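Just so it is clear, A, B, C, D, E and F label the chains in written order, and each chain counts residues from 1 on its own.
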């Protein structure tokens, strides 16, 4: 079955990102397809490559990047939500005149249309939030 | 297919479970996960609400979230069914649509 | 994308205290271009999103509530409000910034059960 | 000096106001702000709770948050006192300590 | 900093669903070095923070609950739990990972009113 | 009077940061002293200099930076919470082997002791959160 996933909260503060990750992992293990994971609201913070969690804790952001790499999962960050919150890729940083960017590998920044499209294309939309 | 409602908040802190129960159609299912698992336990002020709801809904609880919070299956209300993440995935394939009560 | 799906936006949170209402509205506007069957449900504190006469000036925050009036221009006109949520808050349809259909809990439950996709924020 | 309790959540969504009222000592004050202002309004399911609480507490509502949510002073329960941000600051100087019910 | 203040940590949120409990504990540990008069109050879902036998392995999250046991080593030993919150959740002091003083709402209200600083997370 | 302020949530998602800002501004206008504003939990996101909110909206992060500059307000970001969430200054980025940093002007990164100290030194601690 083909799934779309929506993550509304950032890493660590709420369990939403953890739950979404565990769900996606379990779905992949069962042979399902993850059409897209869309990060909205504070969910965009999952896409920062600058986070440095304590050694004895999970690295949520890195875990997503690795999942994208290993399973070709499409991780999309909402551009409007990301701009508001300071998550930028190199191109966006340049366009906005910012001197740094912070998007992690495996994520791409795009519009809300990607969420709508995913919800239509997938057979199920699963939402994780606060 | 019937709807799967997901509730991830404690019934003591928020109104999401009570709103879910007010608006969930008969025969639809409810998954309690994250802090929502506190609703699945025996002997609390909410136990009766869940026991009543079991007459019209299938209710599930996510075991990893139960264990994380120091609760065991023995403490879960009879009739509430246990699932792990794989079981959560299965529920989303056998229900349609999935409605989150955030 | 030949199919037409029934997309429901479930709004349960008050405006301004959190950003969910505002950013949900942005999804609705973008989503309107996809020519799906769109409905918005306002339940619990979500009914406060539609309260008339919101004025955020003194808080320094953005007043996005007039945008609800623009929904009709985007052909988004199925706005459902739960009667029980209104009543609990001492509100009626006249207090709201746009025309809505007021449904009982039972009616709204039935409508929700017919959807293909539910967006919650 | 008496405590100032601050409540920033809707009483319909969360339990913070009811917990505050359960644990606020007599004579302490309560400021309703952000989504907490919904508790200050007439004609809701919570109006009576506030009216009762006024017997033992001074209750304040932050007007900028009231206006942001389309509510006016005329709709506020009689006896609840209006403050702006400057008034909020004044309340924190005339009360001690300040206790937030997050 | 010659004064000694009464610092109260007010814990009202369940563990794991949000990070507040975990990061609050980090403040308590650091704060213990300042030699103030520290109290912790567990109210509402905050009492769940102290539930025995938490095992986060299957969620992939960090199990910080054993840290409550270390509080005593930091001379943090005024842990107050509200009886009403325990009772509503079908819990008793024996379900908790550390020894606590169980107080009625009235007793806890009186204790709170004597504090200088209240930390809420 | 001397105030300490604690901000537990990031910009935009919750009103906490807005309320804290309006409170601080009103307190300063009345001649009070803001001993310190401490950013904890997701509050650390207030300190990103990469955010680009829409033109017609307030710029929460920049507003804090300007306040710090104009009124010499001490804006302190918890280092542990910031590391977890990817808020780094140049020194910290270097130490962690990260290729970018994102701390905005007017903020400094320090330990939780700064929160405790502020709560003891100030006459009032005001907490803004979710």
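Definition applied: contacts are C-beta pairs under 8 Å (C-beta built on N, C-alpha and C of every residue); 3 or more make two chains touch, one makes a residue touch a chain.
Remember, it's a predicted structure, so these values are computed and weren't measured experimentally.
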Any idea if subunit A and subunit F meet via the same residues, over half in common, or different ones? same
Across the interfaces D-E and C-F, which one involves more C-beta pairs in contact? D-E
Considering only mean CA positions as chain centres, point out the chain farthest from subunit B. F
Averaged-CA centre spacing for the pair subunit C and subunit A, given as whole angstrom: 25
Where subunit B and subunit D are represented by their mean Cα positions, the distance between them in whole Å: 33
Taking each chain's centre as its mean C-alpha position, how far apart are subunit B and subunit E in Å? 27
How many angstrom between the C-alpha centroids of subunit D and subunit A? 38
Any chance you could list the residues of subunit D touching two or more other chains? 8, 12-13, 15, 34-35, 64, 84-85, 96-98, 100, 102
Where in subunit E do residues touch at least two different other chains? 13, 16-20, 44, 59, 61, 117-118, 120-121
At which residue positions does subunit A touch at least two other chains? 8, 12-13, 15, 22, 41, 57, 80, 125, 127, 129-130
Set of all touching chain pairs, with the criterion as stated earlier: A-B, A-C, A-E, A-F, B-C, B-D, B-E, C-D, C-F, D-E, D-F, E-F
In the complex, subunit A touches subunit F at residues 10-13, 41-42, 45, 48-54, 57, 61, 80, 83-88, 93, 96, 98, 100-102
With touch defined as at the start, can you tell me which subunit A residues reach subunit C in the complex? 6, 8, 40-41, 80-81, 111-113, 115-117, 119-121, 125, 127, 129
In the complex formed with subunit A, which residues of subunit E make contact? 16-19, 59-62
Across the complex, what residues on subunit C touch subunit B? 10, 12-13, 20, 43-44, 82, 84, 105, 108-110, 112-113, 115-118, 120-121
Could you pull out which subunit A residues touch subunit E in their complex? 12-15, 18, 21-22, 56-58, 130
